[in-house]
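These are the structures in question, set out in turn.
Next, two complexes with subunit A in common: one pairs it with subunit B, the other with subunit C.
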Partner chain A sequence: MWFYNLIVRDLKLAFYSSTNFLFAASFLILILILLPFIIDPKVNQFIQIYTGFIWLSIALSILLTIDRVFESDYEDGNLDAIILTQKPLELIVCSKFISHWIANCIPIIVVIPISAILFGININEIINIILNVLAGSTGMVFIGSAVSSLTLGNKRSGIYKSIIVIPLYIPFIIFGANQESVLVLIGLSMFAFIFSLFTTTYSLRLYVE
Partner chain B sequence: MFYKLPNTLIDTLRNWLPVFYSTTLVTFSIGLYYAIYNSPPDYIQGDSMRIMYVHVPAAWLSLGSYSILAISCIAWFVFRNPIFNLFAKSIAPIGAVFTIIALVTGSIWGKPTWGTWWAWDARLTSMLILFFLYIAYMMTWQVIVNKELAAKISAALGTIGFINIPIIKFSVDWWNTLHQPATISKLSAPSIHISMLTPLMLMTIAYLFLLITLFLIRYKTELVEVKISRIKH
Partner chain C sequence: MSNKLEINGLECIRDNRPIFKDINFSVKSNQTMLVRGKNGSGKTSLLRVLAGYIKNYSGNILFNGNNIKNDKELLSEFRFLGQKNTLKGNLSVQQNIALWELIYQVKSDTNEISKILNIEQILNVDINSLSDGQKKRISLARLIISNAKVWLLDEPLVYLDQDKIDLLQNIILRHNKSGGITIYSSNTDINLEYDSSIIMDDYVVL
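And then the complex of A and B:
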């Protein structure tokens, strides 16, 4: 029950500060607005460029929002309070992952079909892209949260984080931008889940003790 | 922290370093003599093949020093002795420079051979990523001010990078391949002639001594730094 309550609390926080909830989706649309200026949508193989742009903007929006997973709670001391409840730290971290994924990736997935209509992508390809994003974005959120937990409370670690995170995103981008590889993405996400769970609990124990 | 460091190590290193300097010089002179004058040119590539004698050892040792870095990070997790952090910290910049040497000489070699400076295949991409892993590892010590914390975080980061390299290699391989397969992967019957293998091995030994010498210099510096910070406290 406390697990569910923790998720609801984080989602409420994300919802009431309205910038959080809308950030990822509006970022995706703004990046896609730039796309027709770069390349004509009627060109052959446009679908590849479109999927590439989707993945690029997902990677960037996750990179820009991963600070919020632990940072704000760490600053006002809530993270210490949550950890002091003596609940398993792994489960607390899991709930953080889930709430961050819901707050940032669900809006993206909602927005993708709308943008696909604007660019005249057909329905099968939209379904393919959405399945890939569902499978891949989870792993990307896990990795991003793990890396952001490495530098808790550090104001000047923006570039540092992106240097670590972008190499870790390469497999997701490769398999995500090529369709018909949902199973590989699910595998990668599960692998990422295990590793980011260990890394995050390790560094949270270092910072909050 | 740093309570188990032997005190006499700095003096021992100071006495032995000149030996390593001279060995590096001698092995490099012999290796370069063989590589430039005493080996045949390739019958397809001509003299541009000689870049291999600079390129291949640097590539091997850049991977090798990342393995040493990762193994010392893992060893820190096992033994919790800060000496392993200093190992990893001292070898990181050397490995980064070797990676740059491998990348630059590789692209100079690629221009006459493949007709292009760069190809986005698995090996080249993973070498480039390796360089950024080194950068990320070195930045950890800069970004995190608390040295004790930086040691712990960087150990985790070195391990993550070690796991990441094969995954990237696999996924880029799946995506595209252009590079020739490895020539000296099997030690029993190498597909390279003995007259070219000799200078290559000599240059590898020379690079190895260069790596060891630079590593010992940096390691000594780290030990002195620890000593100074101990005196300050």
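And then the complex of A and C:
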């Protein structure tokens, strides 16, 4: 029950803060608006360029939003209050992962089919893209949260985060751009989950001490 | 219900530097204890050790006879109020209280809380447009909604004027009467009523 309450709390915060739910998705839309100016949509194999752009903008929008996973709660002291409820740190971290994914990735997944129809991409390919994004974005959120927890309380750490996170996103982008590799993405996300859970829990524990 | 907090030979060393050592005291229900000392004398560290933040200490902290180290059930009876006011600036007072209720798994009566804290007029105002003193007062709501038995207040008097100090005094007395224990730190001359005190500078207990 408290696990569910923590997720509800974070979603409420995301909802109140007015930028959170729309931010990542609007970033994607803006990049896709620019796409036809760069490349003629009638070109052969447009689908590959389109998926490439989708993954690029997902990577960048997650990078822009990962600060919010812990940073705002850290700054105003709410993170202390949450940790001091003495609930298992691993589950607190999980609730943060889930709420951040819902607040930032679900809007992206809603926007993708709409934009894909506008670009004339056929339905099978849209389903493949969505499955890939569903599987891959979770892992990217895990890794992003883990890295942002490492630099907790360190202001102006944005550039370091990007330097650490972007290389870790390469496998997701390679397999995400490939239509038939949803299973690999699931595997990668599971691996990222284990890695991120331990890293995040450990760095929160260090922060508490 | 009566509770007792007993500290025996508490010692904390961080980065090879002793923060404090040989701290002994005991506080019972319906008592307030003051932790005094200069800046950097380890007041906050002591409260953070008691709150269960810092686990790297030696000595015993006994709550009702049980060692609190690694006992999450007992540690959740402690509520720490630090220097950060734990408020979300873009939300109203009421929304902030609702978020705390989600963290602490409690339902509380907002009307009653606002009456106790005298914040009825500003209940729907955004935190960002309030003064530091008002924020401090609202952050006290976090103590009231939780049914923790031991309150650990780190410099609670900062920003508060005399009226509000009286208000805090009443809140603490109300908590202590229901079997609670309050420990607070301060380095000013104006103080709340206290039953015992400890000076951190030279590790001596009075």
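FYI, the second predicted complex is superposed on the first by the 209 of 209 C-alpha atoms of A that agree within 3 Å, B and C clash if a C-alpha of one lies under 4 Å from a C-alpha of the other, contacts with A are read in each partner's own complex, and residues count from 1 in each chain.
Keep in mind that, in the parts below, a contact is a pair of C-beta atoms (placed from the backbone, for glycine too) under 8 Å apart; a residue touches a chain by one contact, two chains touch by 3 or more.
Everything numeric here is computed off the predicted structure, so don't read it as measured data.
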Assess the superposed three-chain arrangement around subunit A: do subunit B and subunit C clash, or do they fit?
fit
Once chain A of both complexes is superposed, is A:86 in touch with subunit B (first), subunit C (second), both, or neither?
second
Under the stated touch criterion, which partner chain does A:78 make contact with: subunit B (first), subunit C (second), both, or neither?
second
Please work out whether A:199 is in contact with subunit B alone, subunit C alone, both, or neither, and reply first, second, both or neither.
first
Would you sort A:15 into first (subunit B), second (subunit C), both or neither based on which partner it touches?
neither
Please give the nearest C-alpha separation between subunit B and subunit C in the three-chain superposition, to the whole Å.
5
The answer for subunit C against subunit A in the complex is residues 51-56, 72-73, 75-76, 78-80, 82-91, 95, 98-100, 102-105, 142
Name, in rising order, each residue of subunit A that touches subunit B in their complex.
150-151, 154, 156-157, 160, 163-164, 166-168, 170-171, 174-175, 178, 188, 195, 199, 202-203, 206-207
For the complex, which residues does subunit B have touching subunit A?
125, 129, 132-133, 135-136, 139-140, 143-144, 149, 152-153, 156-157, 160-161, 163-164, 167-168, 170-172, 174-175
For the complex, give me every residue of subunit A touching subunit C.
1-2, 5-6, 8-9, 12-13, 16-17, 72, 75-78, 80-87, 208-209
